[in-house]
Structure formats: structure tokens, C-alpha cells
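Quick one: structure below, then a few questions.
First chain written, first letter: the chains are A, B, C and D, and each begins at residue 1.
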Amino acid sequence: MLNFVDTVVDAVAGIKDGSTVMIGGFGNAGQPFELIDALLECGAKELTVVNNNAGQGDQGLALLIKEGRVKKMICSFPRQSDSWHFDAKYKAGEIELELVPQGNLAERIRAAGAGIGGFFTPTGYGTMLAEGKETRIIDGRGQVFETPIHADVALIKALRADGKGNLVYRKTARNFGPIMAAAAKHTIVQVAEIVPTGGLDPENVVTPGIYVNSIVKVAGSGNTAEKAA
Amino acid sequence: MSLTETSIQTSDAPMGRDDLARLVARDIAPGSFVNLGIGQPTLVSNYLTEEQNVTLHTENGMLGMGPAAEDDEIDGDLINAGKIPVTELPGASYFHHADSFAIMRGGHLDICVLGAFQVSATGDLANWHTGAPGAIPAVGGAMDLATGAKDVFVMMTLLTRDGASKIVESCTYPLTGVGCVTRVYTDKAVFLTGPDGVTVRETFGTTLEELQELVPVPLKAAPAAGRRDPGAP
Amino acid sequence: MSLTETSIQTSDAPMGRDDLARLVARDIAPGSFVNLGIGQPTLVSNYLTEEQNVTLHTENGMLGMGPAAEDDEIDGDLINAGKIPVTELPGASYFHHADSFAIMRGGHLDICVLGAFQVSATGDLANWHTGAPGAIPAVGGAMDLATGAKDVFVMMTLLTRDGASKIVESCTYPLTGVGCVTRVYTDKAVFLTGPDGVTVRETFGTTLEELQELVPVPLKAAPAAGRRDPGAP
Amino acid sequence: MLNFVDTVVDAVAGIKDGSTVMIGGFGNAGQPFELIDALLECGAKELTVVNNNAGQGDQGLALLIKEGRVKKMICSFPRQSDSWHFDAKYKAGEIELELVPQGNLAERIRAAGAGIGGFFTPTGYGTMLAEGKETRIIDGRGQVFETPIHADVALIKALRADGKGNLVYRKTARNFGPIMAAAAKHTIVQVAEIVPTGGLDPENVVTPGIYVNSIVKVAGSGNTAEKAA
């Protein structure tokens, strides 16, 4: 069921301790900052978070990690120049890390949404990230068995939603949004604009409303340039 | 082929980073789809010509990426894999992350250009993790690029700061991909790597004999001839 | 629960195809995403109300499918899974075949409604192939729907032309899916199927005892009460 | 390399005997009729054809089958009221059939384009279409191992192309086009219209030009209603 909610706090209120939460975004583009702030406020803990990175600077996911709400990160690129909160927790042994090549991360999320039980991929074969995993040679290439990543909740950002929950995104802020929306049991979206049903061209819808559960309008969140400034 | 058959191209001086980027750019076939890794490989984009009609892919969901954005072009929703604001060229397209990596993993990119810590004689690549105790690993899209692109070019200095060769018999750093690198562009020479070992295509300010003293794997000379002027456009 | 506890809903007469379609439509929760199979299940769309806000999926790449197209609405590029021209409702979306089947296979459809040759006591479905010698098999999207939807409703007559029950202990026709059917709407009764066997939810012009004589698997009565008027809107 | 060619005959000229050819379309929607006619004319034989159906009536794929050019069909739904040419060849033992559930067909084509070596899916588990295939229980559900379907050539129809080969489609004629374009070594597209580079909104491109090799404009092929009439 689709709900339009008034505030980001209302939108995330149902997130329980111990949930697996996917968070969209690559760098700042597509990061649902306001939803992450609300998640911090709502107090859910023992979270497993799926995001490409592990937080940057003193905002968003980095604060969630700093406050000890994140039990485990599933990501491809945790170490950045300004990932100090993750770095500190990791070195203190206070956060678990599942490091996943970015393409495997994307494909595993996609697999969850598409009902795939697992797949073989050449990415990672022969590397330490395939250690302990099933492998086989297919058409002469070594391949690794990878499993879907499901989530209880996805927090994503889109540009625009219509009354049916159909979404369009903006430029490279699209990134993980569409596949996370499909992989999570409950998808919460912050958008810059809500248009009437019929206001999006059916040919151009990127995420059909079937994947969307809660929508909240956040003024000015269409372009992360403003946010990052 | 023995070391005495040095029918390879040479130039008089080592290549600087920009000269090397120009050389890589010139080696990219017209109409290619290319992904340039973070760091030194990004320099290649400065030397691609309009006539080459090369389309750049960025792993975070775009084909047709243009140069870095400046001033009022800067848009936080339009960044490259290094999170630098970039621009959009006519004919660009956007797609989600699984579709973007399907382009890489499905073998559709003609070339990716990556930096490296080490490359083995048979083209194994190590470029993501030093393996040092306590180091926080971060892999990003490196393994997908290394495994998926039709050709993987590496750009690096031949030697570490300590003077050790980065072309090695077998990588001591954790691998990114197995047997994936096809060419290595360094300040001292261009190497072709593959199942048959290492071939030197051209040298810059050095001889094949001198190179062989630096590099701990057998080097063969390429059959090609001619001279490369590093300063030529 | 024994046969004597017949606390099930009943009506006085067998259900016609349209009455049954109306009944299925009424059982679909508001806001559901639904796929209606070719043939009898398509009738259900005639009885969905606007207030129900049900979104119809068609496997060939669309959500928000509207009624069959008429006259100048007909567009060869806009058809349903049965290749019948249809219309587009406000809020529709189009997508390619892999994305369309990901909706089905990923468990995102609330309900699909299918026809059937046979349904077993534990919800196995046979609806794609008679298995007759020389018959050319054709499966289409039946297996994906049967396996992927959260609830699989079957609409069929209870008996074959020869008077045999289509609800069986174990399917003799080739299977479409294992343990996937949750409800069977027939002219004589509505059955709930699952790991625990068959429960009768309501009967139409027959009694549970009479049904039990027709159906070769043990029938339980549902705890629900009330009477269903097949002619009600 | 992308080429714009003048005629459908030129477009298909390079297709060799023994090729695996994917043909887009579901029913008449999205069928590249003119390209199929050209394939008939060019004479390539011993083909393996991947299409959802196995030809209808006396046109397109049905004629290719009638003329004995198709060695094997990979499809989900060969038997239709007007599939008489396929029916005759099949009953005469003159054509091989690999019957694939439609979702497996789509996912296997997608897997080929995405570099996946194989995947597990619940679809078909416990049925005769899984006989002889590897199975395993994943999260309590029986699943079947399915492999990618690669092709030498794809023949597809789109609405519009730009100078970079980017494509958009029209309504349910999109169907198999985007995934076949990615799965084939050489993708040939017939379009109703070619617009200058920059004439398609980058947000709305469905098939990026990287997947397209040859484009031919076929007048009036944008809407199959006209064709089917």
C-alpha cells in the first residue's frame, strides 16, 4: 500500500531495531539526507546498512555510525578521506564490514528485487573477496556464486513522484534508487515534487509505483548541489 | 624473440604523466566506449579528440560523460565515479547502478584504464588494497572493470618509490582480477601482458636491456618498428 | 474440523462465469497489484471498481493497463498478454520484458488469477500442457506467475466435461508450479488450498457433503459464516 | 561501431548460416517485420532463432520457418491458433524446440547482456521444464539453474534513434528489445525516426547506443497497428 506522509519523521517511524536498511546514493548524489537524519532521530539501532559507502564527514550515514546505531555495513567503498566515523568504529571492532565489489553489490540488490536465488559472476574470482565462496568454471571463466541482498527498508531519493508512486530521478542521482526500491519490503522515498497521477509520461517512469510504499516531499531536495553547499 | 631483436619503438626521454595520457588517448580506437579510472587515468580525457568520437562511461550511471564541470556548470546530481562534478555531452544517457555495471560486466566496454600497485607477467592486476595490517579495504568498481572490459590498460610508474618494479612475476598485493590486464603504460615503456608473458612495445629514454635489469620477468621485444616522440600532439 | 461443522457461506445456485468474476473482483484488497491470466480470469477486470484502486499488470511490459481498446483507441503497440489491444490508464508505466518479469518473479504482485486444468490438494497447479502425445507445448508466463505472485487464485469449473474433479489428490497433467495455488474459484464452491489441504470457503447451490462426493480429496469447512448472493453487485 | 544503413537488406547482409538470431517482439508489437523479411531474402539458413513465439500466420518469422531456414526455436509460446508453419515443421521433426518459461527466457537474455554466468530461479522447479537441470533449495524454495542465452545477432524494432544509437520505444512494443540489444554481439535496429544527437532526453533513453550496431529507418514502422492492419 502506498502512503503519502507529511514528514520524514513519520516516514521512518516504523523502522525497527535490527532492521536491514538500504540507503540510496553514490557520494552525495541521490543520498536521502533528510530521511537519514530522521532515522537518526527515530532511534532505531542494531541496523545493518547497505550503501555504496560508509558515510562521509559529519552528516547522514556517518552520524548514524558515530552514534553506534549501525551493527554492520554492506558496502563497496568504506574508506574515504572523510570517513573518520566509520574508520574509528571499524578499528575499535565496533562495526562489522561486508565488503562487496560495487557491481556485485548492485547485481545482488537487483537479484533480490527480481526473485533470483543467486548467480555466478566472474567479478572477484581469484581474489580475497571470493574466499570461502562457491566457484565454478563456466565457458572457461572462473566465476563466483553471489546471493541476493534483501532489505526490510529502503530509503531513497527521487526527483518526482506521481499519485501512483511512480518515480523519476535526476542525472547520476538515480544510481541505487531503482534497484533498492525493488529489493526492500518497504520503500520510503523523499522527492522534491509530487505531481498528479498522469503527470509523468508512462514511457519515462523509472521506478513503477509497485515498488514504493511511502512518499514524503522534502523541499529543495531535487538537486544535491544545494544540499552539498 | 630474444632481447637482441629490439625492433621496438623508442623515444629519448621518460614519459611524464601528461605525455603518457596523450599516448593512451592516441591508442584508443575511434568510436570506442571507455571507462577511465580515478586518478591518473582521468588525465586521458584531456587528450581525446572530437574526431575520435570516444564515449566515456562512468560507473555511477552514465554514458556520454563530458569534462569536469566548472563554475555554474556544477551540479551535485551530476558527478563521476571519483565524485567530481562533471558535464553531460549531447547523446548522453543515464541508467541505474545495476544497468551501469551490466555495461561493464557484460563485456560492452572496449577499454578501461586503471591505476595499479602491481601487474603480473600474465596480466594479474593488484590495485585496490595494500593488504597492510589494519588497513580498511575499499574496492569500489575496480574488480568489475578489471574483469569486464574487453581491454584493460594500466597506467603507472614502472618503479615504486623504493625502486622496485611494479611489473612482477606474481603479485604480492591482494588481486583485483586474474589475467585481465592487456597493456601497461609506464614512464619507461609500454608493455603488453597476457598468457604468453610480457612484450615491450616501446621504450622511453631507456633500452630493452636496461629495462630487463629493472623488471624481474622475461621481456620480449614487439615486432613493431618506429619511433615515438613524446612531445607530439 | 469435521464435515458436520458446515459454518461456510453458501448460495442457492451454481456460479456463472460472470458472477464468479464479480466474486473474485470483490475479494481483491484495495490498492492491490494484480495480473489476470488469459481467458476467464480476464473477466475479473469488468468488476473491479474505481474505489478499489487496483493496478493491473500485463507481462508484456506494463503496469496500469486499462480496459480493452475499442475503435480508434486500438493501437498495435499497446496489447495485453493475450495480444488483445488494450488501453492505458493515468499513472501507467512501461518497461522491458526482464523488468516486467522481475515484478512477477520478485514477489511484487499481490494476486494473479489463472485458469487451470487441475489443482492438487496442496496447491500444485497444472494449467499449461495436456501432456498428450504429439501436442506442441507452450508455457508463456504461466510458470512465472504461478511461482512469483503472493497469492495465486485459480478460476475454473469444478468438473471436466466428463464429470471428473479438477481438484485432485495429485495432478496427472504436467505441473506449472508446486504448492503455489492459494484459492480456487469454481462454479460450485470456493476452495482454499495449501500445505494443510483443502478448505471450502463457500458453496454455490450445493452442500459440503455433495461436494465431497465430487472431489476426491478430504474437504474441510472454513470457520467463516454468512451467505453469498451470487447476483449481488 | 555504429552504422546507419540505407536498407534493411544491407542491414542484415552480414548474417551467416548457423547464426543465433534474437528477434524482438511480443505478438506483432515490436516485431521488426521488415528486418525479418530482409533476413528471408538474404538467404541465411541453419539459424537458431530466439523469440517469444514461433511465428504467426504467413508473415515474418513464420515464413522463415516455412522456408526451412530455422534449425531451432528457443521460445516460450510456440503453439498459437495461426502457428501452422511451425506446427507442421515440428510434427515433421524438422525443427528443434527449446521451450523456456517466458520469465526465464527474459532473464536468461538479460543475463547474457549483463555478464552473468548463470542463476537460480524458482520458476519451473518441480516441472518437466526443469528435468535434467541442476536444482538446489535456497531459503526453503526449490530453484533451478538457468544459463544465459547469447546471440550473434539481434533484430529489433524501436521508435526512435539518435546519432549515437540511443533508442526509445513505444508502449508495449518495448518488450524484448532492450535486453536482446544487450545480449547479441551485433544488434540491428529498425526505427521509425532518426533524430540528431541531442534529440533524445538523456533521462529517457531506454537502450544506450553502446548496445546498437546498425540502424535502418523504416518508414511507418513506429506503430504496429498500421502494420497489423
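Just so it is clear, contacts are C-beta pairs under 8 Å (C-beta built on N, C-alpha and C of every residue); 3 or more make two chains touch, one makes a residue touch a chain.
Values in this document were obtained by computation on a predicted structure and should not be read as measured data.
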Mutual neighbours - chains that touch subunit C and subunit D alike: A
Euclidean distance of C-alpha centroids - subunit B vs subunit D, Å: 36
Whole-Å gap between the CA centroids of subunit B and subunit C: 57
Intercentroid distance (Cα basis), subunit D paired with subunit A, Å: 33
Two or more partner chains touched - positions in subunit C: 62, 88, 94-95, 98, 101-102, 104-105, 148
Where subunit D touches two or more other chains, by residue: 107, 114-116, 121-122, 169-171, 202-203
Touch-based graph of the chains, sorted into line, ring, star, complete or other: other
Pairs of chains in contact (touch as defined earlier), listed by label: A-B, A-C, A-D, B-D, C-D
Contact footprint of subunit D on subunit B as seen in their complex: 31, 33, 55, 57, 62-64, 88, 90-95, 98, 101-109, 148
Subunit A contact footprint on subunit D (complex, rising order): 107, 111, 114-122, 136, 138-139, 141, 143, 147, 168-171, 201-204
Partner subunit C, residues of subunit D touching it in the complex: 26-30, 76-80, 86-87, 90-91, 97, 99-104, 106-107, 109-110, 121-129, 142, 169-179, 206, 222-229
Residues of subunit D that touch subunit B when the two form their complex: 1-2, 112-116, 162-164, 166, 182, 197-198, 200, 202-203, 205, 208-211
Subunit C - residues contacting subunit D, complex: 58-62, 74-79, 83, 85, 88, 94-98, 100-102, 104-105, 124, 129, 134, 136-144, 147-148, 174-178
